Amino acid sequence: MALAKTEASGGVSLLPEVLAFSSSLWLDKQLLTEDLVGSLAHVTMLARTGVIPAADAKAIRKGLLDIAAQSKAGTLELPDEEDVHMAVETWLSKNIGASSGLLHSARSRNDQVATDLHLHVREHCARALEGIVALLGDLLTRAHQSKEVLIPSYTHRQRAMPVSLAYWWAAWGAALVRDGELFVHALQQADVLPLGVGAIAGTSLGIDRETTRKLLGFSRLTLNGLDTVGDRDFALDYTYAAARLMVHLGRLSTDVIDFTSQEFGFATLGGEVACGSSMMPQKRNPDVFELLRGKSGRAIGNLTGLFATVKGLPGGYNRDLQEDRAALLETGPLLHSSLSICRVGLAHLTFHPEKTRAGVEDGFTQATDVAEALVKKGLAFREAYKKVGALVRRCQEDGLALSKVPLAVAQKVDPAFDEQVLAAAQPAAAVKAKESEGGTGPRSVERQLAWISDKAQALSKTARDVPRLDALLASLEKEQP
Amino acid sequence: MALAKTEASGGVSLLPEVLAFSSSLWLDKQLLTEDLVGSLAHVTMLARTGVIPAADAKAIRKGLLDIAAQSKAGTLELPDEEDVHMAVETWLSKNIGASSGLLHSARSRNDQVATDLHLHVREHCARALEGIVALLGDLLTRAHQSKEVLIPSYTHRQRAMPVSLAYWWAAWGAALVRDGELFVHALQQADVLPLGVGAIAGTSLGIDRETTRKLLGFSRLTLNGLDTVGDRDFALDYTYAAARLMVHLGRLSTDVIDFTSQEFGFATLGGEVACGSSMMPQKRNPDVFELLRGKSGRAIGNLTGLFATVKGLPGGYNRDLQEDRAALLETGPLLHSSLSICRVGLAHLTFHPEKTRAGVEDGFTQATDVAEALVKKGLAFREAYKKVGALVRRCQEDGLALSKVPLAVAQKVDPAFDEQVLAAAQPAAAVKAKESEGGTGPRSVERQLAWISDKAQALSKTARDVPRLDALLASLEKEQP
Amino acid sequence: MALAKTEASGGVSLLPEVLAFSSSLWLDKQLLTEDLVGSLAHVTMLARTGVIPAADAKAIRKGLLDIAAQSKAGTLELPDEEDVHMAVETWLSKNIGASSGLLHSARSRNDQVATDLHLHVREHCARALEGIVALLGDLLTRAHQSKEVLIPSYTHRQRAMPVSLAYWWAAWGAALVRDGELFVHALQQADVLPLGVGAIAGTSLGIDRETTRKLLGFSRLTLNGLDTVGDRDFALDYTYAAARLMVHLGRLSTDVIDFTSQEFGFATLGGEVACGSSMMPQKRNPDVFELLRGKSGRAIGNLTGLFATVKGLPGGYNRDLQEDRAALLETGPLLHSSLSICRVGLAHLTFHPEKTRAGVEDGFTQATDVAEALVKKGLAFREAYKKVGALVRRCQEDGLALSKVPLAVAQKVDPAFDEQVLAAAQPAAAVKAKESEGGTGPRSVERQLAWISDKAQALSKTARDVPRLDALLASLEKEQP
Amino acid sequence: MALAKTEASGGVSLLPEVLAFSSSLWLDKQLLTEDLVGSLAHVTMLARTGVIPAADAKAIRKGLLDIAAQSKAGTLELPDEEDVHMAVETWLSKNIGASSGLLHSARSRNDQVATDLHLHVREHCARALEGIVALLGDLLTRAHQSKEVLIPSYTHRQRAMPVSLAYWWAAWGAALVRDGELFVHALQQADVLPLGVGAIAGTSLGIDRETTRKLLGFSRLTLNGLDTVGDRDFALDYTYAAARLMVHLGRLSTDVIDFTSQEFGFATLGGEVACGSSMMPQKRNPDVFELLRGKSGRAIGNLTGLFATVKGLPGGYNRDLQEDRAALLETGPLLHSSLSICRVGLAHLTFHPEKTRAGVEDGFTQATDVAEALVKKGLAFREAYKKVGALVRRCQEDGLALSKVPLAVAQKVDPAFDEQVLAAAQPAAAVKAKESEGGTGPRSVERQLAWISDKAQALSKTARDVPRLDALLASLEKEQP
C-alpha cells in the first residue's frame, strides 16, 4: 500500500476517479476502533523502546484518544481519505501537528491493515462465541422442557423413528457446539500480532514486538513478514466458520418452516415474529427463518469470493487483498444479527405435543422396536424381522397403525407376539428403550444435554478471555508510554 | 411477502428486532426509481381498464411523481419501513390519503418486487453494454496505433511467438465482444414483465398486462405466476455475466501488472493512476489493476452466493429470495466503476516499443517461422524441423539469438539455410507472415479490428434501444391514465 | 502445451511422477471421437490446400478412421500417454509410420485441445436440449391431464391460493424453457472453430480455416489466436447453463419430496423408483429426487471451480486450463442422467386429487377471491377487503373453512355477501376466475401450454440442426482430401 | 438409506435406470478398506456384548478378512451393487451364508456410511500432515542453503525490499505450518465415531459403542444420532483445509512461474520436471506449477459444491448427502499428488544468486534502510526521510542505483550522508540489519527456521499417532470377538 497524493510521488496527484475506485473508506471506517487501538499500542511501544521521543508519543496518544472519544460521542468528522488509516493520519496531522508523522515509524500500511483485521476478526469470533453460547442456553432450556414430547424423526423427509422433542433440540445443540469449536479455531488463528513486520521484511530500528503484543493481548507474533503481509488465512478461517454456522441455522430453519406449515402442523410461530396478512389473519409466514436460510447462501458466497480473490496471487502484498474487506466486514453483522434473531424466533415457536404425538402414532415407525423386542426375547434377528414384516403387512391391509394392533390380530400373524412385545410399538416405549449412547432414550438425552452444557461453559470462558476492543482502549489509555 | 405491522395481523405487531432483521430498506432504496416507474405504469393500466377510478389514479400518479421529483431534488425523506416498496406506500398514504390504498389493487409485493428487479437488471445490462462499447473503442484506438509495435506473446508465461501489440489489444477486444453478447443474453432474460401475476396465481379482475408491458417497454410477459414469483434466473444470468466480464478485466490486469513490473519493463503507468511512494519516486504501483483483479474474485462470490441461496428452495415465493438484493445491488456499481476505471488505467499505460521489441529479438521464438520458410521452399516438415532444431542448438552454444545468426554459421549447420529463409527469423518478418485467419499478420489483424468495430456498433445499438429509467419516468409522466 | 519426452527436449526425459501428475488421459479419453473428427477435418484441409502431400493425408485419414472403427468395436488399445491427443499421435506413428508426423502441421496442441472441447460442448449442448425437450413433452402431457385437479400453491411454504395442478406443471415448464434458451446461448458460444490459430499467433503456411470450419459444421471462426488459446468462456457458459438447469431440477425435487411426504400426502412415488424398506413396506423414499437436488450443489461447485481456475491467469495459454477437464467432462453425464432420471421419476409420480383438493378447501386461501367478487359488484377495494377480513375472523372463531361458510352467517357479518360472492370462495371457482395472462384460469393455462409446446418444438429444431459427432465422422469418412 | 431391491419392498424392484442413477459404487469402492475395518469392529462388539452369537460373528469376521485379503491380492470381485456397503453385504451373503445377515444388527446404512467417511477423512488428514511435514523439511533444507542469497521481495509485483532467499523459503514454510494446524483441526473433527446411532435414534439393544470406539481408535463418540446421520461438518472441514492448502501451493506456484520466466530469470527448472519443445530446446515450461495453481481452483469448487449440497437440507438423513462422495474422494488423491509433486518440482528448481542479487542492486529498494541509518545517527524521522527522498531523486536524474551512489555525490545532496549511512544502501547490509522479530535479518530467519522445524516435528507426531487403516485391519484381525 502506498501514499495516495503527496507531492513526493513526483508531484503528480492521483486522478480523483482513481482515488474513488481505490477507496475503501466507506467500508473500513467500521475498523476505526481497531485502528486506534493498534496505533495506541504501537506508539506506546515506540516511546518505550526510544524509537521516538516520549513527548511526541504523548501528543499522538492524546490525538488518538481524542478521536476515540469523539467517535463515541458521535461528533467525529473523519476526513474523506482513501481508507480509515489515512483518514486517522490526516486527522492527526491537522490536529496535533508535526508529531503525527512519527506514528508511522517502523510501521507500514501493510502490517497496520493486517493488525486491524486481526483485531477485528478476534473481536467478532469472541462475539460469535457469545451468540452461540446464548443460543445453546435457549436450546438446553427448551430441551429440558420437552423431554416427554414425542415427535417423528425424519430420513428422506419421510417419518423414521419416534424420538423425544428434547432429542431434536439436542441435535441442533450438537451442531452448534461444533460451530463453537470452529470459532475457537478461527479465534486462535486470528490471535497473532502482525504489527512490526513493516512493509514486508522487518526493520533495522530497535522496536520490540513483544511489548506491542502484550499491550494488545495477542498470544503470539506472526513469524515472517513476507508471509504476514500477503496472508489472509485468518480471514478465510473466519468466513468459513461463519458459512458453516449459517448453514446450520439455515438447516434448522428448514425444519422450523416445515414444522410450522399447515401440512405438518407441529408448531406455531407467534405473531410477534411471523409476518401475517391483512386478509388471512391465521397466516404466520416464517420470514425470519426463510431469511436465515437465504443468508446461509450469502455466507457461502462470501467465503467463495474471498477464496477466489486470494487464489493465484504472488507472494507478498498485492492490493487485490483490499477486496477482503467486503466479505470480512459483512460477516460480523451477519453473524450477530442471525444468532440473535434465531433466539428470538425460537422463543416464539410453540410446539403442539398432541400434533407431534399423532405423527408417531399413525404409521409403522416402530417396526424396528417390535423386532428388537422379539430379539430380546431370544429370537434370531432374521426371524424377528420376518415376523414383524408380516405383521406390518397385515396392519396395512387392515388399515391399522402398528401401535393400535390388537393382540389377537398379532398372534394370528405369529404366536411369538405377546403383550410385552407389542408394548414396544407404543411410541413412548420405543423412545424410552433407546438408551444406547447417542440414542433418544431419556437418560441418554440427559447425558447429551449435560455434555452440551459443559461445552457451552467452556466456550463462554474462551469468549470471556478474549481482550475486547473497548477494554483494550480503556487499558491502553492508562498505559504510560 | 407480507404486511409487516398492520392491526390486521391479529393486532400483534412484529417485534422491532424482527423488523430490523427483515428489513432490506438500506439496500433496496437503490430501487426507488424502479419502484416508482413500475407503480406509475401499474396505476395507469388500472385506470385505463377501469379497475380503479380515474380520480384515484390521478392522485396516486401525482404522489408518485412528487416522490420522484423530491428524490431528484435531494429533499425526499422516505419513512423507515421494511423495504422501499413499503416506504413508498407509507409516504403515499401520508401525503395523498385514501386513494393510495388502491395502488396495490391486483398487485402483490411478489410481482412488484420481481418487476423492480427486472427493471433494475435491464437498466444495468444496458449500462454495462455502454461501458463495454466504450472500452472496446479505446482498445481499437490503441490497436490501430500499435500495429508496428512488436511484443512477445506468452504461453506458460514463457515467451512464445512474436506478435504485434495491436494483436494483443485485439485479443482482449475479442473477449470483451463475447462479454457484450453475454450481456445481450442477460438483457433479453430481464426484458420480461412480471407485473400482473399477483401473489402467485393471477387475478380475477380485468387487468391488462399488455398495457403495462407497453408502458414499461418490455418485450414479453412472464408466462406463469407460480414460476414468476419464485424465479431469479434473470438475476443469476446478470451476476454470471458480471463475473465473466470481471474475470476478463482481471486477466487483462495480470498482463498489465506483469508488463509494468521492473522485470518485464514493457510499459509504464502514469503517476495519475499509479500509487507512488514518498521515498521511491520511481515507484508506480498498479493498484488500479490489482483491485480490478481482486474484484473479479468478489464477482465470483456474488454469483455463487446467489446460486446457493436459490438452491433447493420449493417452488413459489420464499422469503429467502430477498437475499438476492445484496448480490444484485452490488453488481451494478461494481460493473460500472470497473469498466470506467479500466479505461482510465489503460489510457495512462504507455508501452515502450524498444523494450517489447527486445523481448522478441533475444531468443528463439521465431524457430517455427524459419522452419515454415524452409517448408515453403519445398522441404518436408520433418526435415525442416530437424534442421531448425540443429540451428537453434548451435545458436545456443554460441550464445546467439536466432535473429542474429550470420548466414555463414547457419549454412555450416545446414546448406538449406539461405538469406531468404533466415529473414524469417526477423521478428517483424515473422509477424508479417502470419496472415492466416486469426493470425498476427497485419491484414489479419486489420480484419479483426474491423470485426470488433462492427460488433461494438451492434452492441451500442442494442444498448440504445433499451428503454431507460429516466426516459420511462418522463414518458409515464406524460401518459393519460 | 508441449511435447513430453522427445529427445529434442535436450535429451532429458520428464520424471515419471511428473508425467503422472500432468496426465489427463484418464479423463480426456472421453474426447477420443472429438479428437478424431477434428484431426480428420484438419488433415483433409491440409491436403486440399497443398500444405501436405495427398498421399500422406490419405495414410493419416486411414489411420484415424481405423482408430474410430476399433474404438467402436471395442478393440482399441490406446498407448498410455500424457493425454488423448498424444495417445492418438503415438498410435498413428506406430501404425502408419512417417506420414503421421505431418498431421501436426500448422497445428498446435493449444488449438487442437480447444477444438476438441468446442466439439464436445456443442455436442452436449445439443444432447441437453434434447433432454429438456423430452422432459417438456412429459410436463405438457401431465399438465393436459390435470387441468381439473386443484392443489394449493405456496408462498413461504404456507398455503397461498388454490391453483390447478396443470398450472404447477406449467410453472416448471416455463423454467425449463428458459433453460433451453440458455443452452441455445451456450451452444452458440461453442459453435466457433478454434483450429488454425496454431500455438498462439497463426501460421505463415497456406492453410484455409474456412475449409476446416465447413467440414466440422461450425458457424464461425474464432477471431484471434492469442484470445483463442487462453479462452474458456464457452466452458463457463456450458457449466453455468448446467448449474442453472440442475438448480431447477433440484427445486422441482423439493416440491416432489414435500408432496410425497406423509404430512402433505399429495402424491405417491411408485415402488419402481422409490426405495423401500424391508420392515416398512409402505415406505417410499424419494431418493431419486434427493439425489437430483444434491447434484445441483455439485453443479454449482463445478462452475465455481472452473471460474476460480481461470481467475487471474495471464493472457495466452496457461497449463492451468487443463483443469477445465474435470468440470467439463463431469457435466455431460450429469446433465443427461439427471434429465433422463427426472422423466422416469415423474412418470412414477401419482397425484391424489382428493388430497390436493382437501388442501385448498380447508382454510382461507380464497379470501382474495371473495374480495375481488365484491369489487366486481361495485364495492371499493378498501371496503371489500375490510368486509372479507371480518368474515375470515368470524369463520376462524367458528372453526369454519371459508368455502364452507353458510350464507346466513356471512350476511350477519355483512349484508354485502350474497350467494354469487360466496361462490367465489369455492376453490374451483377461484381457480376458474383467474384468467389474467399468466394466471391459473383454464384458458390462461391453455395458452401457457401452447406457448411451451411451441418453444419446445423450436428447441428441438435447434438441437437437430447441430452437426453431431457420429454424423461428422461418417461425412468426413466420405470426403476426398 | 434403504434396501434397494429386496422382495420386501412390496415385491417391486427398482428400475435399472434408477439403480444406475443412485449407485455410487464406482466412487465409493475406494472406501472398501474403511468399510471392512468398520464392520470388523462392529461385529466384534456385537459378539462381545452378546447381541449376536459368537459363532456367527466368527463367520462374519472370516468373511470380511477374506475380502480384505482378496482385495490386497487383486483377486476380489465385488458384486455390482448400489454401493460398496451393499456389495460387501452381497459378497458375504453368497460366501458365508446365513450368518451374514447378522452383521447389520443394530446398525443402519446411515451410521455405517458416516463411519466409513470419518475413517476415510481421518486417514487422509494424517497423510496430508505427512505430506506437509515432508514439504516443510525440503523448505527448511533449501532455506538453510540460501541464507546468503539476496533476492527482491515484492509488493504490488513491484520490487520492494531486499531479503534473503532463506526468508522467502521461510515465508512459505510459515503458511504451510498454518495448513498443518488446519489439518490437525480437521483431523480432530473427523476423530469421532458415528457407529451405533443406528438409522437416526439409537437402539434398544445392548450394544456398547465404547468398545467399538476403542477398536477403531477414535477419540470420542458422536453425541446424538439425529445430528450424526445428517452431519457432514467433518467433510466440509476437510475439503476446506484442502482448498486452503491448495491455494498456498498455487500462490507459491505463481512465484515459481514468475521467477523462472525469461523476464525475471531468477531461477531455472530442470528438464526432468519442465516440459520442453522440440524446436526450442531452451524452453522450460513450468507445467507442474501451472497445474498446481489450476488445481487450487478445483479445490475451491469442491468445497463450494459440498457447501451448496448441504445448504438448506432438513435435519436428519437426506440422500442428497451421497453427493458428498464426489468432492470427498477427489480430495485425497488431489492432496497427496499435489504435495508430492510440489516437492519434486522444487527439488529441480535452481536459483541463480547473481541474477537475484542484480534484482536488488539496480534500484532504490534500500531507501528505507538509508533513512533508518540516519535515524540511528540521531536525526528525526521526518528529516531523514526528506533527505533520502532528495538523494533518490538525484540518483534518478543521474541514472544511478542507490547502492552505487558515490559519497561525494551524496554529500552534495546533504552532508548528513556519510560512509556508514551509505553502507546501509548495500543490499547485503540492508538485509543483515533487519533483525526485528519476523524480519529478514539472519538471526531472525534462524529463529524462524527453528520454529518451523519444531512445528513440523509436532505435526509429524500428530500424524504418527493416528491409527491408520492398514494397522487397524491388522489389529482387528487379532481381536477375539
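Quick notes
For clarity, chains are labelled A, B, C and D in written order, and residue numbers in each chain start from 1.
The rule we apply is simple: a contact is a pair of C-beta atoms (placed from the backbone, for glycine too) under 8 Å apart; a residue touches a chain by one contact, two chains touch by 3 or more.
Small disclaimer: the values here were computed from a predicted structure and weren't measured.
Annotation: C-D is the more contact-rich of the chain pairs C-D and B-D, by number of C-beta pairs in contact.
When the CA atoms of subunit A are superposed on those of subunit B, the rotation angle is 180 degrees to the nearest 5. Rounded to whole angstrom, the centroid-to-centroid distance between subunit C and subunit D, based on C-alpha atoms, equals 34 Å.
Subunit D has its Cα centroid 35 Å from the Cα centroid of subunit B. Within subunit A, residues 1-2, 8, 155-157, 258, 278-279, 281, 283, 285-287, 290, 293, 296-297, 300, 303-304, 307-308, 310-313, 318-319, 368, 389 each touch two or more of the remaining chains. Interface residues of subunit C, counted against subunit A in their complex, comprise 155-159, 257-258, 261-265, 278-287, 290, 304, 307-308, 311-313, 359, 362-365, 367-368, 371, 385, 388-389, 392-393, 396. Only residues 1-4, 6, 8-10, 12-15, 17-18, 20-22, 270-273, 275-279, 281, 283, 285-288, 290-291, 293-311, 318-323, 326-327, 330, 337, 340-341, 344-345 of subunit C touch subunit D when the two sit together in their complex. Of all residues in subunit C, only 1-2, 8, 52, 98, 101-102, 105-106, 110, 153-157, 160-163, 167-168, 170-175, 177-178, 181-182, 185, 189, 196-205, 207, 209-210, 221-231, 233, 236-237, 240, 243-244, 247, 250-252, 254-255, 258, 293, 296-297, 300, 303-304, 307-308, 310-319, 368-369, 372-373, 375-376, 380-382, 389, 424, 430-431, 433-441, 444, 448, 451-452 touch subunit B in the complex they form.
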